[in-house]
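Presented sequentially are two complexes of chain A, the first with chain B as partner and the second with chain C.
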Partner chain A sequence: MLKLTNVCAQYETGHDVVRAVDHVNLEIRENEIMGIAGESGCGKSTLMKLMYGLIEYPLSLTDGSIELKVAEGGGRHGTFLNEDIQKQWWKGISYVPQGAMHVMNPVSKIKSQFFDAVCDKSKDKKQLEKEIAEYLNELELPREVLSAYPHQLSGGMRQRVLIALATFLNPEIVFADEPTTALDVVVQRGILNMLSRVHKKTKNSMVMVSHDMGVHYQITDRLCIMYAGQVLEVGPTMKIFENPRHPYTQMLIHALPRIGDNSQKEGIKGAPPSLKNPPAGCRFSPRCPHCADECRKKRPTETWLDDGHMASCHLLTGKRRESFAEMEGK
Partner chain B sequence: MTSSLKIQNLNKQFKRGGLIFGTKITAVENVNIELPAGKPWIMSIVGESGSGKSTLAMMVLRLIDMTSGDIFIDEKPLSCYRHNKTEFYKKVQPIFQNPFSAFSSRRRVDAYLYSTAMKLGGAQNRTKAKVMIEEALESVGLDYQTVEGKYPNQFSGGELQRISIARALITRPSLIVADEPVAMIDASLRTNIVNLFKKIKDEYHVNFIYITHDLSTAYYVSDYIATLYRGNLIEFGNAQEVLNDPAHPYTQLLLDSVPRVGAKWEDDFVLPDMETKEYGLVGCKFANRCPYAKEVCRTKRPPSIQKSGSHMILCFKYNDYNEMTFSATDGDIIKKI
Partner chain C sequence: MKFLKFLGTRIITFVLVIMIGVTTIFFVPRFMPSDPVENMIGQMISKQSNMTPEAIQLYRESLSDTFGLEGSLGEQYVGFLKKVFVTGDFGPSLAAYPTPVMDMVRRAVPWTLGLMLTSTLISWLLGNFIGLLAGFRKNKWYAKILEGMAVFLYPIPYYVFALALIMIFCYVIPVFPLSMTLDNMAFDWSTISTILKNSILPALSLILVGLGWWVISTKALTTSVVEEDYVYYAKLKGLSQQRIMMRYITPNVALPQITTLALQIGGVFNGALITEILFGYPGLGKLIYTGIVQADYNLIMGTITISIVSITIATFVVDIIYPFLDPRIRNT
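Up next is the complex of A and B:
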């Protein structure tokens, strides 16, 4: 559906450039929920912007291409490249932004924000309002929200309205950028449940960015781990949680405290590298416990393991492979 | 028993609206907590947004006034610090959620450290202050050279949060109130900060009030846990005990809602349309969402029941929905009403 080939993008900051996304290959298939995990500043929101076709100064695409294939009505399929993806906004591709608190227009009612997005001149407004109310009802939102202003709704409610707005025209891909950050756990559960219900009903694809590994475990089908602008590991979510191959993923999964587990946890030492001047070779090497000379000098290649599981790490290729497998066994 | 922190019948009401038609919202209602002195502890306060956890913290920090009740720190009521702010901030120190807004971006970070050391830490001159600062920075894993002369934007979030922890340590406080200290920090660095709290607790013999909505770090780090719901302390006790065997339906709901690795949610879950009217309910505030609610829950304030040891629950369910028996402190209040 959406294919990223060797995508590199950078931000220009006046005196230097920040390479936020570096040689990313990724594919989003039909009817799947793809999760993107990584810490802040690893380029996951930039990647999202690129996939959404929102390539504007200071962001620019320096290499590679983004290709979107969607149905255009009448059984025809259209292919859109890079910035042209914008033509499919709302209908073919839509976006649930991060901060539900401040993305809606504070001085217009939810109703008119729906009208703005739909922008279908052929339909009567009353008819359209009825359709919207029905759709909200399906998602178990009360009809009254339509005549409310954004500030009258709670954070969780606003986020649910945004999801309803993004999925109203039944787009083929929905992007959700940290849809549950800053919400508490009970509301988070409600929203994740709503997203997966929408997904089950419409069979669309969904891309979900979050830094919470628990969230990914709960709802995603495939998972992509990003670090410092690069994709370190991609694969089916269950496979990644059962058998993470990249040291970063392993640490990310095992370093977090869990309820019912009393063992002492160690965080990952050090901090993520600056993207202005990233380390040569593997970008995780300064923090990696298995780091060797090779890691500091050469960028690891993408190694495809079984069943669509990819990791890019020197430990999976060449001589060190056997010794690492042995160590893991212990 | 001497106590290091005692919160007694604490209430806080906020006024909303005008003079005549305004309504009152009870943000914190009848909270009683007592924690023993001696061994340092970390107490987590968990709850959803709007549960009053930050209001409670602000009252402990004397940033807002309480409506009624009292707070004692090391057996001394907060009211006796009314004219002595310096003395109070020597004892109690805050750590805030967002380190970038806690420090002004136009002031060097070490200026904060120096002014804390000179005004509150009792250092007579800058040389003595520097020794104190170096020591505090060392215990959070930073050295003075990396901090000296830099502005907040030159640090990462994790580093800056560690500096704000170091700043709180300079005065050798007996209580640190940390309001969502890891919410802005990356997942991979969160464990480091939380580990730091554990280390400091033992090294400096300092107690922590750790406010969070992240139950997994609360479980990992804390000795006691308090669950708040709409201003009511609905469950309190030893952290491991409470989270391994939650008794109140709300704590159970919270715990079930944590997205865990290893156990997928099965049932369909629909959010209730909760709005602020819950604050005004007479009986149990959770009654509308509670699967076990009976008539009595909606009309009477639930009693606080001691389950075992320090484990306390505010729920009718553990009393066979009998409204007659109350524990000592709660009963008194009801008689007065």
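Up next is the complex of A and C:
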């Protein structure tokens, strides 16, 4: 569906260069929900922009390629590369933004925002409105929202409307950029349920960016852990939660609270590196408890473990592999 | 019901503002040290000194009566209000006695309205269009040139600009007449062409000077609206630039500009004081000027009351129509 090969991208800010995404390989498969997790500033949103084909100043693609394959009707498939992905906007791929507060035009009704996005002149408006109302009904949204203005809806309702707006044309990939930010947990749950309902119904792919591991646990099929612009670990979500292989993921999951577990949780000491001048070897090495000489000097390679589980860490290759496995066993 | 309540409070405010304005304009001239009746009698005595004290006293009483200056300040005020609100009569002009002030105003209003409405509207439309273009297509060469022109025009003081226009187009290249010359007021082609020929220069000066501000303010508004999330998201929806411009940017930029336009249209009744003086244009502005120069109290009160009422009406109209334009402040 969507394939990223060795993607490097950077922001140019005056005389500085920020390498926000560095040698990323990733594939979004058909009918899956892919989660992208990582702390603030790790390149999640940049990666999302790249996948959406939104490559424009100050962001630029320096290496690699992004390839989108979508059905174009009549059994034919179209392939779109890098910026050309824009041609598929809203038809083939769509986007649910974060912060539903300000993404709707304050002076026009929800109805006309739907008409705007649909842009289908072959249908007359009455017919289209009926179809939209039916679709909203399927998603358990009241028909009345169509004649409301954005400010008349609550935050959760707005987010739901945006999801409906993004999925109405049945695109093959839906990107959701932190769709549950700034909402309380009850509403969050509603939004997540709605997303997975849409996913089950349409069988499309979904990419979900969030820093909330709980959200990923609930909804995603596969999970990608990012750190400082690189992908550290990719694999089926359950596997990553049960058996994380990268030290960063291990520490991240260890820090999550669990029911019945009263032990004191510890954060990961230190702060992510500056992307203007990242560490030479493994980017996590300054904070890694298992850091050795080779970690500081050499970039770890991607190691495929079992069943599409990938992690890039020196501990998984070479001499230290056995001792690490032993330690993990304890 | 809620709308009626809203309307009710607006109407009360409307009436209060007009009352306060009219009261001020009644009292301020009366606190001035000079008295128009004594001034007039003084003028008369200096012309013919053989008047008896009785005749002077008689004159004083009849003048006070005609000018509405009989009795105490309170009685005068009540009489003034009665006259203004019941009959719409501001009394005779003192300078052009005995022409009623209302007649003079009535004669001046069409001139001022014709000039000011057209120039304000043209200036607004053109300025907003250029401003939108300059804000939306920031990096295009034509946008930069248009904005540069606006920045150049804006800080020029109006009188300098108007005088420069007069010098260029009346002396150096004499295409337009220096001041209004209207022989007959028959409604025919020659009258219309004379009026147009006489109005082009004042209108041009008003349009160009107004344009600078409209372009700069609209451009500033547009640049901030362009950076709003909803515009960015509209782009991600794959909408065309024209559509984003028409449906997302223009309505959001136009809202505050419509308010300013309505207030300016209210101010139209002031006339353009300097324009009308410089170009010898027979409108309300020139009338106010005449009233002040010749200490014509009734004329000042008449013209200024007209402008107070019209500005208040404009504000009132904006208040009433704004909920229909901006759904966010609509009372439902």
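Quick note on the criterion: the second predicted complex is superposed on the first by the 328 of 330 C-alpha atoms of A that agree within 3 Å, B and C clash if a C-alpha of one lies under 4 Å from a C-alpha of the other, contacts with A are read in each partner's own complex, and residues count from 1 in each chain.
Rule of thumb we're sticking to: contacts are C-beta pairs under 8 Å (C-beta built on N, C-alpha and C of every residue); 3 or more make two chains touch, one makes a residue touch a chain.
These numbers were taken from a predicted model, which means no experiment stands behind them.
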Superposed partners chain B and chain C on chain A - clash or fit: fit
Chain B versus chain C as contact partner of A:Gly260, first or second or both or neither: first
In the superposition, chain B vs chain C on chain A residues touched: B
Which of chain B and chain C A:Trp90 touches, first, second, both or neither: second
Partner chain in contact with A:Glu302 - chain B first, chain C second, else both or neither: neither
Vertex chain A angle, Cα centres of chain C and chain B, expressed to the nearest 10 degrees: 70
Which superposed partner A:Gly190 touches (first chain B, second chain C, both, neither): first
Partner chain in contact with A:Ser40 - chain B first, chain C second, else both or neither: first
Which of chain B and chain C A:Asp212 touches, first, second, both or neither: first
Which superposed partner A:Glu27 touches (first chain B, second chain C, both, neither): neither
Touching partner for A:Asn105 - first (chain B), second (chain C), both, neither: second
First (chain B), second (chain C), both or neither touched by A:Glu294: neither
Where chain B and chain C come nearest after superposition, their Cα distance in Å: 7
Residues of chain A that lie at the interface with chain B and also at the interface with chain C: none
In the complex with chain A, residue positions of chain B that touch it: 47-49, 156-159, 186-195, 213, 215-217, 219-221, 240, 243-244, 253-262, 264-265, 268-271, 273-275
Complex interface listing, chain C residues touching chain A: 228-230, 232-234, 236-239, 243, 247-248, 251-252, 255, 325-328
Touch list for chain A against partner chain B, complex: 39-40, 140, 142, 154-157, 160, 183-193, 197, 211-215, 217-218, 241, 251-253, 255-260, 262, 265-269, 271-272
Residue ranges of chain A touching chain C (in the complex, touch as defined): 52, 54, 86, 89-91, 94-95, 97, 99, 101-109, 112, 116-117, 119, 149, 151
